[in-house]
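I have a structure here, written as structure tokens, and I will follow up with some questions on it.
Letters are used for the chains, namely A, B, C and D, taken in the order the chains are written, and counting of residues starts over at 1 for each.
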Amino acid sequence: MKKVLNSTDQVVEEMLDGFVTAHADSVKRIPDTTVIARKDAPVSGKVGLVSGGGSGHEPAHGGYVGKGMLDAAVVGEVFTSPTPDQVLEGIKATDSGSGVLLIIKNYTGDVMNFDMAAELAEAEGITVEKVIVNDDVAVEDSTFTTGRRGIAGTVFVHKIAGAIAESGASLAEVKAAAEKVIKNVRSMGVALESCTVPAAGKPSFTLKEDEVEIGIGIHGEPGIERVPLQSANEITSTLVAKILADIDYTNSEVAVLVNGMGATPEMELFIVHRQVAKMLGEKGINIYKTWVGEYMTSLEMTGFSISLLKLDDQLKEALDGQSDAIAFRL
Amino acid sequence: MIILTVEQTIQWMKEIHKRMEVNKEQLTTLDQAIGDGDHGINMERGFAEVVDKINNTDYDTVADVLKSAAMTLTAKVGGASGPLYGTAFLKMATALQDKEVNQQNFKVAIDEALEGIKMRGKAEFGEKTMYDVWYQAAAFLDSEKVEDWQELIEACQATIEDTRALIATKGRASYLKERAIGHVDPGSMSSFYMFEALVSVLELEV
Amino acid sequence: MKKVLNSTDQVVEEMLDGFVTAHADSVKRIPDTTVIARKDAPVSGKVGLVSGGGSGHEPAHGGYVGKGMLDAAVVGEVFTSPTPDQVLEGIKATDSGSGVLLIIKNYTGDVMNFDMAAELAEAEGITVEKVIVNDDVAVEDSTFTTGRRGIAGTVFVHKIAGAIAESGASLAEVKAAAEKVIKNVRSMGVALESCTVPAAGKPSFTLKEDEVEIGIGIHGEPGIERVPLQSANEITSTLVAKILADIDYTNSEVAVLVNGMGATPEMELFIVHRQVAKMLGEKGINIYKTWVGEYMTSLEMTGFSISLLKLDDQLKEALDGQSDAIAFRL
Amino acid sequence: MIILTVEQTIQWMKEIHKRMEVNKEQLTTLDQAIGDGDHGINMERGFAEVVDKINNTDYDTVADVLKSAAMTLTAKVGGASGPLYGTAFLKMATALQDKEVNQQNFKVAIDEALEGIKMRGKAEFGEKTMYDVWYQAAAFLDSEKVEDWQELIEACQATIEDTRALIATKGRASYLKERAIGHVDPGSMSSFYMFEALVSVLELEV
């Protein structure tokens, strides 16, 4: 393992320290917690938006804290959901009396820890609502199982719920908008190489020189299928086809997110986007706006994910709203 | 007859930590195969915190020790295993509140822990999770009076082996479908170490 | 070599295509060239700013095209300076009659190709000025040799010259501001792992599991020294010490750029920034603003660079100016 | 006596391309050691374009062929080698404009090419660049009348070996200081192939 670290059990602490030092003009760390909050949190009269998860997904989630997006991000150990008490601190730091919405990615750990935090917050008299993002079409959506995972499409939930909250909407309205995004966003990813969790010291999985893993999650979990390395166009087609098969995008306008998993050169992401745009064009799906870059990473994993969000007028307006978040300026 | 004293309970936590330390890499490797590769790290970190907490606290009852462990696991582990084990130990603590720990009460406590995991994780038996091991442990305690605690270890051991053959329907391993077959569930393994640690202190002369 | 590509000799073409497709609202590609220009170029009454270089440094340089930064970026093959005719197209596309400033990184190839383009442009009656960025303190500054390289500090030149140009300044004024930045910016980098040029198909260099290369350029050129892998704090200290030894930053305010080379997790960059901030704090150097992320990459190289820009009031104001560039929104 | 016809000049370019193709990886590997690892790629791409251009054009003079090559290299290669070789061939073309290519005129043309590289790259002899090879080639042509063109190849070959021992003070290799010692300069190597290709066509029966 070759990493720029001081000590494997201090990575989160030191990252948070470096992060708030770098961005002290817009964010703050709630003392003795792993919570990054807007500098002006709680914002009076505004619904608080709290998300988070394990670390290792940078710029998620601290990079999405700022006016127009999240009020707080709660950070756990690498790839490990934060604990209920930390999430509770995030909730308390952002509640201005208008209630708090938790944006949770659908992983057992995240759901349980955020649930427990919500219970604790309710016990303290804070109104909390939750939405659970499950955009990953690689995983089957079934009520008998854990259901689909939440991956990069979550960024759109942050952005749109953030804009709606900024407009002064009520907790119920912000939640409804977030759920509309969740209903309309689908994603899927692929890995060419694994990442290495610092404390584990060895790669999470191993692929052969000519193999890729289709349908990976964002924690180095294995995907659904190993296939031979194909051309950029072929891999992209596989992912896009799977996404398009899941909900009907016909004649719609979409936002596109081509997300690098950590080590993929941006050059390759643009080559992927080229094919995404081509396929959508052929299907008569109109691209409203595109983001290409690293938005929800898995440490230094090589690979990418594609997310498509089906838009309506409300979502478009919210997507265009101003954002001061460090990793999503608009 | 009291089967578990405060001293033994403290020792139980220390024995768990010892096992998590020794098997940290094994648990992480199991989790790399069908999860996200942090289970050993989570468990070792969590029980190190538990031991730390316990070393700095005085306890009057077994329930208090277990409650300390529960709170610490919940607050320090995160992930899926943090809330699940936190809940399990909290439910045990509650069940043993103001009670001496004889076999009957302990059996009830394990039943409660089992219910806690089920409630928190919405798991059923046979979904290839830690629930399977707790389920077997509870079933074992239900069977008459225990003569030889080693048999508890064997029951748990067998369950672990059973998880190997299963498809998972809860937790991260569920994403893998058929590909999870052939791999032991990491949470079942760490639960096994907990019961193994328990037996090692139950058999202690105190 | 494991990359998301269709064909190694189409990477630049397909990347450019994907790039303009993704960002068609703000940039355009000059037809049949490798020039990315502001959609509204040439901007009347404004000095044109043209930079560029080989590709593989994404988001440089296309990501810096936009209001408040560059008017055009001219892209070459991977790690290969663009040719004079392409640079000439960039100049022609951005000259509104107020002249064009070329921002060149100090590499023999870049300097020669941009020089030739400037001669061709002058022959066509366009006034062209040039500045040459040489911020890399890993390389000795000597008039007998090629001199120091231009690396990530170039981004500050784009930003500040861009803001000055946007304010309606003359070509001479924009050039003077760019030169002031060049005089006051220093950088240095380190690599943990090499990158692989697609057409080469194998890594540019090989490091042992416990080795890092100090003082690397941005094209996979070897650095100045191989040393054992050290802690984040130690590596950072080495780089910062070298930078601070080069010009006197005492009692000054600085802008900091911690730049990932392509595959380094952002988490690690923040751990680096933490130490940078600590060292500067101890020396009484005040951080005015910080950027942490990928700004001048070398494909999927693992490693990072640190840049420090000494500021005065003019530079601060220009640094704060609005920018619509995709990779440097402000 | 005419030593180079239009046909031979066209063949010269094709022979260069052939060598760049065959030695693409070698040149790239040399450039990986002390540069940025693209020299073979640049050269192969550039001369492929030259051949393409030449195949689609009719030429009356040697100068015209060389001018085509120069323009193509300048417009298609980029990097350091594009402008340098572009300039070299352009200077040769200019020197041979309206002249037949006898040994005397060819010698002058190579001198001009040498001056062009020097002007463009600000290089001197002994800085571990392609200039070294052109310098030796020019020096060789200065020495009386050439009897055996193989000697030109030998002169260039020796220079390449000489670059191995040098510290570079121009180009990317200069960043490496002492670490460049022991490595052949990639541009010198590609220049060697150009002269090797030249000799192969000079000796052609036409």
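One rule holds for everything that comes next: a residue touches a chain if its C-beta (ideal position, glycine included) is under 8 Å from a C-beta of that chain, and two chains touch if they have at least 3 such contacts.
Remember, it's a predicted structure, so these values are computed and weren't measured experimentally.
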Q.
If each hop has to land on a touching chain, what is the smallest number of hops from subunit B to subunit C?
A. 2
Q.
Taking contact as defined at the start, I'd like the list of chains shared as neighbours by subunit A and subunit B.
A. none
Q.
Using only Cα atoms to place each chain's centre, name the chain farthest from subunit B.
A. D
Q) Between subunit B and subunit D, what is the separation of their C-alpha centroids in Å? A) 74
Q: Averaged over CA atoms, how far is the centre of subunit A from the centre of subunit D? Could you give it in whole Å?
A: 54
Q.
Between subunit C and subunit D, what distance separates the C-alpha centroids? Give it in angstrom.
A. 32
Q: Please work out the Cα centroid separation of subunit A and subunit C, and write it as a whole number of Å.
A: 29
Q: Indicate the residues of subunit C shared as contacts by at least two other chains.
A: 78
Q) Line, ring, star, complete or other: which describes how these chains touch one another? A) line
Q: Please list, in label order, each pair of chains that touches.
A: A-B, A-C, C-D
**Q.** Residues on subunit A engaged by subunit B in the complex (per definition of touch)
**A.** 9, 54, 76-85, 107-109, 112-113, 116, 138-139, 144-146, 149, 197, 199-200, 202, 204-205, 217, 219-224
Q. Considering the complex alone, what residue numbers of subunit B touch subunit A?
A. 28, 32-38, 40-42, 45, 74-84, 120-121, 169-172, 174-177, 179
Q. In their complex, what parts of subunit A are in touch with subunit C?
A. 2-7, 11, 14-19, 21-23, 25, 55-56, 58-59, 192-193, 195, 209-210, 212, 229, 231-233, 235, 256, 258, 262-274, 277, 289-294, 297, 299-300, 302, 304, 327, 329-330
